[in-house]
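Got some structures for you, see below.
First chain A sits with chain B, and in the next complex the same chain sits with chain C.
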Partner chain A sequence: MADDVTQPRIGVDEWVASVEGKRERYRGPVGWLRRGWDSSPPAARLLVFVVPAVIFPFVTSEGNLFRYGLITLLYALLGLGLNVTVGFAGLLDLGYIAFFGFGAYTYGYVASAHANHHWPAELAIPLAIAVAAAVGFIVGFPSRRLVGDYLAIVTLFFGQAFVVFVNNANRINFWPFNHTDLTGGANGLDNIDPLNVFGWKVNTTKEFYLFTLGAFLLVMIVLYFVSESRTGRAWKALREDPLAAEVMSMPVNRLKLMAFVFGAGIAGFAGAIYGSVQTGAFPGDYDIGLLITIYAIVILGGAGSLAGVIVGALIVNGVPELLRDSNQAEWLFYTALVILVLAKVRPWQKLVVVVGGTLGLGFALHAIADAWFPRWTAGQPNDGKLAHWVSHWMVLPSHATQLANWAYVLTIALILVLTLLHGWWRTIVFIPTIYVAAFAWENLLVENTAGATRFLLLGALLVVLMNVRPQGLFGTARVEIV
Partner chain B sequence: MAAQRLLELHAVNKSFGGLACISELDLHVNEGEIVSVIGPNGAGKTTLFNLITGVYAPDDGEILLDGKSLVGLEPHEVTNRGVARTFQTLRLFLNMTVRENVMAVQYGKTKSTVFEAMLRLPRSRREERQIRKRAEEKLSFFGQRLVGYRWDQPAYSLSYANRRRLEIARAMATEPRILLLDEPAAGMNPAETHEITELIGQLRKEGGYTILVIEHDMHVVEGISDRVVALDHGVKIAEGSFDAVATDPRVIEAYLGLRKAETK
Partner chain C sequence: MNWSLFWDLTVSGVTLGSVYALVALGYSMVYGILKLLNFAHGDVYMIGAFMGWFALHWLGGPVNPSVTAGLVVVFMFVFAMLACGGLGVVIERFAYRPLRNAPRIAPLISALGVSFFLQNSALLLFGANFRDYDTFDLIGAKTYNYKDIFLSVPQILTIVSAIGLMVGLTLLVARTKIGKAMRATSFDREAASMMGIDVDRVIASTFFIGSALAGAAGVMFGLVFGQIYHFMGFLAGLKGFTAAVIGGIGSIPGAMLGGLLVGLAESYATGYLPQGSTFQNLYVFALLIAIIIIRPQGLLGKADVNKV
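Let's turn to the complex of A and B:
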């Protein structure tokens, strides 16, 4: 009965009062950084990125600026657009790169020798954005009621259809386009004009970098405003629960379409710049590979987070570029190894065993090989100080390729075994795993850093990061309805 | 003078395949009234809410809000006409903050376009301030429970009872004329249930809402209702004051079945 219940006073909740002091506290330098980041205003956070980004072109070489700066920025700009569709609205758009392609081809068509148009960028770029957004509307309109996997299938098909289209749209033969060459077919469009923005000819890498930086900041700020507006909140709401959003006054279908078109427009913007940077637009550039890269950026950075896009682009583009140089790759590899061991091996007794064991195993094997099997230490160490040091610890046989291939396979096997073991067994198997991995690295992988190795390592890095932080670096922990 | 009828259903039918969920249902809610809908599981109560809010379209019949038909409108249009609901199985935007939950649902009450938001034009900024203020107002309705640091916490961090309160706050923020509450006391302990009973009274007194509520807890129904409607298999089997409905033999039959002696 209601009578024997003690009368509650509405709005008084002791638990609320008591929990106030128990909120999560971050400790140490990481905590200091996090608190600083959380409590600083958005403009200050933006400065953390803008200041180094503006200084960068004046302290680095042309080649570095292109590889680390311009390409990262273009990826980040693409990531911003995908972040609207995937991160904000939660629509799995697998045809995203096609909009990027539409932007590049549109710009290329109106600003190159191909059709003998030479539009200035202040007209050509808005046109490219408009075309990409319009195509986004055309694709989005019939699929606006689709959700999840079904939308993914439709858009994936569209992405592929785009590649087929640009490969074949060089011989369109129906009224009113008789004998029109829209895309240059498999050869693509070449000799695309540099950007000509109100008379400013954007031609050098530095100019392209600064222009793209401006474009990126503009889009970033605009998206921040949108994400803090009724539309942005409605996108997030429909990502969380479309039915609840619809019943709570949000026109879900229209909002989905809007997110789709928005993302497409930003991709078109990036495409126009990219076409001009490349001075060409070729069908192969707008394929699945790039789509996966951009998805990796958005997911790694944390879907829905604008800052995450920057960090994601820096990692996904920067790490493989750093690894191109075998000396840098050497440092990166061993640093990562040391960090892994320091972070993952607890308590300190085990850490001592692992570090001591690994060093001991290496020097012992090296001494044995030196004394009895000279062939095993006859290999030449790579250039660089670190490689020289390592050569005292690691056996480097002459003609090592075959052995190193086996060591590579053995490394993977050992890592798999490692995931199955617990306690001291894991600690002990850790030692040969590190040594065999380092063996494969020194004798095989480091020679190929410009090729397959860097992508292998990037893949490994992504696996590790997504395991450690499934929500992405800047994402907030997501909770699904149970 | 007869009270003003705010919500009216006339001969509404709804079936899924061969299963008639609602048949020939007549129902009305007067302005300022609190009406409870009771009935065993599967009686069609939640279907009734889905029909009113436009999630389902009725097969035939008429649904009127203030004399204007709601049939054929999209759910968000129905909400904009002044109908808001909560869900029996909570459907909060769990990964948004408490305040964002209440801010998001004011979409229908605001007008600034996405282009105005992109440039932070005056109307967009003004509306943004209003949205925030209104959200904080609605959340303050629940005393200390959903204010202060709670505003910036994600909705998933709330306790079950607070999630129910947040759902109500969210429904209030769409500025409805009629609130449809789907089992507001489900899963609550006796103290919280009692609080909900008082809260519903407050909603009418201070918020000025007309309320249609589905509830299984008879103490709550007894405590709040001006009128009770009992459904079974989609048919209205009784209507009237709580005492009249609770003692109605058909209602007792629907809940408990017939006694052996009576079935003979």
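Let's turn to the complex of A and C:
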């Protein structure tokens, strides 16, 4: 191994690791913020989130409230549930989205014209939670004795089986279903009722937002107390070392199953709300893409941290949404790039090399392309002043899509390489990375931030995070004791 | 009993089983040596299928290849295996090696990230449409039969080359120096490194071999079933897992047996169980659950004793 940071630090435990990190963390303005955060009581911390969240629907448009507010909240609610299984108990649940789907389909089944039931939400939502939790129990039960790895396989397969099932459950012709149309098949359930909670019809985006916010806060507060309770502490002990926990006479299997079922129940809750927001439940919504999104949220925020889930959801859902407006995206990208370079490249000699090298490389390539391959600079820059300036530095081929796709994948590969390099090598590789990233940006991403590129980014994010900062933004650093 | 249907299902089950067995071998070898479920393995298999397709088209395509069909097939296999082996080594170096001493869940999440990365890279770079191997034009539709048992040329090719690769692997692990080093490393990594075994190199070569087998499996799938696409690795990966678990994860003969069983189970489910062609995956899932309940260490695996 190249550097000794990756070596196990024998006998160093969580507490020592945190003390070591403190010297680093508590300096400068960021350190001041951190001190304030650490010393404020949990209720005050919650207010930091609640106050803006309550004001938000009254100052923004309906569309923005849906894109930034409601979807982020639903993701965060899902993240809370996953945080119990992955963050508290350390179980890798890869079928999590299926429980979300069970919630949505259960709610849809009892509250739509499909089977002609119209249950009020105060009955339908508990039913959705109960069904998801019961399914969680059934799935978790056979895997409870097994090592974490088996649980991952079983749940991953289960998630896939769920998608197959809902896609085809409208035409099962054998016992016990015999031609009952359970899920509407590939077309899904549509015209699901709006939530009707004790006579309050939740219908507009604003109402949905407020209802979800309430649900989220409820779950958050319950989870806070659960995590501080005997069970919560037992889960964390289990996560750190199942064997030691068992020796301490903790009922390991029951605790595991409990965490699993708890997470599934929260997913069912989120699913019921989501089904009502969408006014439908469609098989394609409950696939692996959403799973990765929620994992990215939990891991980015820091597994085991409740505040981290909110921040993770804001970043994972908010940033791609912000990037949809190309002019705004352009500024955002280059500002982020400049901040990144200023913050990460030290000392100033290296900074000079990086900035000079990047600019030099760009202008040199542009000049070469202009002189010999005019086709390479024939592309049209995007709208906006910044894009116009950039077009003097960046080569813009006329038909760039395929090339930009490769550049994009190359960027992410280069970033992965960067995380492993140190010293001057890192500085040198940094220069082409910036250029290739900007190239992919100019030619591909400004146009297209949805679909494959987004998921690709999330996949890479997981790898980079695991390598660079496995505890995420808000998690506590842990060092394996050998 | 309809014997011709039975034999048809058996033949397609064995073919499918050979593909799954090759995928399962990669999982099992990596698990044996690192105790890590390599979720990205299914996607390496997918990349293998694409590499085979590209190799085919560099040699002039299936309709009029620039060399004879036999050579084309050999080249497809070799190219896909080398490319996938290299990919496996790169994945290990960047996604797993830095995490060798991290908490157990970290490399699993990293593996999930790699899998998603590969899938969506393929979607972005190769497009969302199906690619066709077009084996009919390349090899022809000739079949051979013994009484009721009909075998097409790609099926024979798949079964024979899978057996060949497995025999080769068994010999490699049992007889060569690197095989001995692999066994030692999987038995006890620290002790092996103290005995002067370059553990990093052994792990890298394990990844190379496992991924190369997955690449070969990808090409086989393409030859037999014709169509490949960017998402094919996910299901195949799941089935490969299932096969490895059923056979006993970490055990090489177990992976072969498990692959064969999963292939046969899927094929018979399609033919005999109610709505089998729709719900075959659910039936395989039920099989997995049943095995986990009845015999969690798998058919040929040894029960794991937790050492402290």
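As a convention for this text, the second predicted complex is superposed on the first by the 332 of 482 C-alpha atoms of A that agree within 3 Å, B and C clash if a C-alpha of one lies under 4 Å from a C-alpha of the other, contacts with A are read in each partner's own complex, and residues count from 1 in each chain.
Everything that follows uses one rule, which is that a contact is a pair of C-beta atoms (placed from the backbone, for glycine too) under 8 Å apart; a residue touches a chain by one contact, two chains touch by 3 or more.
Just so it is clear, the model here is predicted, and its values are computed rather than measured.
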Which of chain B and chain C A:Leu78 touches, first, second, both or neither: neither
First (chain B), second (chain C), both or neither touched by A:Ile431: neither
Which of chain B and chain C A:Ala387 touches, first, second, both or neither: neither
Touching partner for A:Leu243 - first (chain B), second (chain C), both, neither: both
First (chain B), second (chain C), both or neither touched by A:Val354: neither
Touched partner set for A:Ala133, first chain B, second chain C, both or neither: neither
Dominant contact partner of chain A by residue count, chain C or chain B: C
Shared contact residues on chain A - chain B and chain C: 6-8, 243, 478, 480
Footprint of chain B on chain A - complex, ascending: 1-2, 5-8, 10-13, 15-17, 20, 23, 222, 225-226, 228-234, 236-237, 240-241, 243-252, 258, 262, 476, 478-481
Residues of chain A defined as touching chain C within the complex: 6-8, 86, 90, 92, 94, 142-143, 145-150, 152-154, 156-158, 160-161, 164-165, 168, 172-174, 243, 288, 292, 295, 299, 303, 402, 405-406, 408-409, 412, 416-417, 419-420, 452-453, 455-456, 458-463, 466-467, 470, 478, 480, 482
Residues of chain B that touch chain A when the two form their complex: 53, 55, 74-76, 79-80, 84-85, 87, 91-96, 100, 103-110, 112, 114, 117-120, 124, 127-128, 131, 142-145, 148-150, 154, 156, 159, 170-171, 174, 190-192, 194-195, 197-199, 202, 219, 223
Chain A partner contacts - residues on chain C that touch it in the complex: 31, 35, 37, 39, 93-95, 98-110, 112-121, 123-125, 234-235, 238, 241-242, 245, 249, 274-275, 278-279, 281-282, 285, 288-289, 292-293, 296, 304, 306, 308
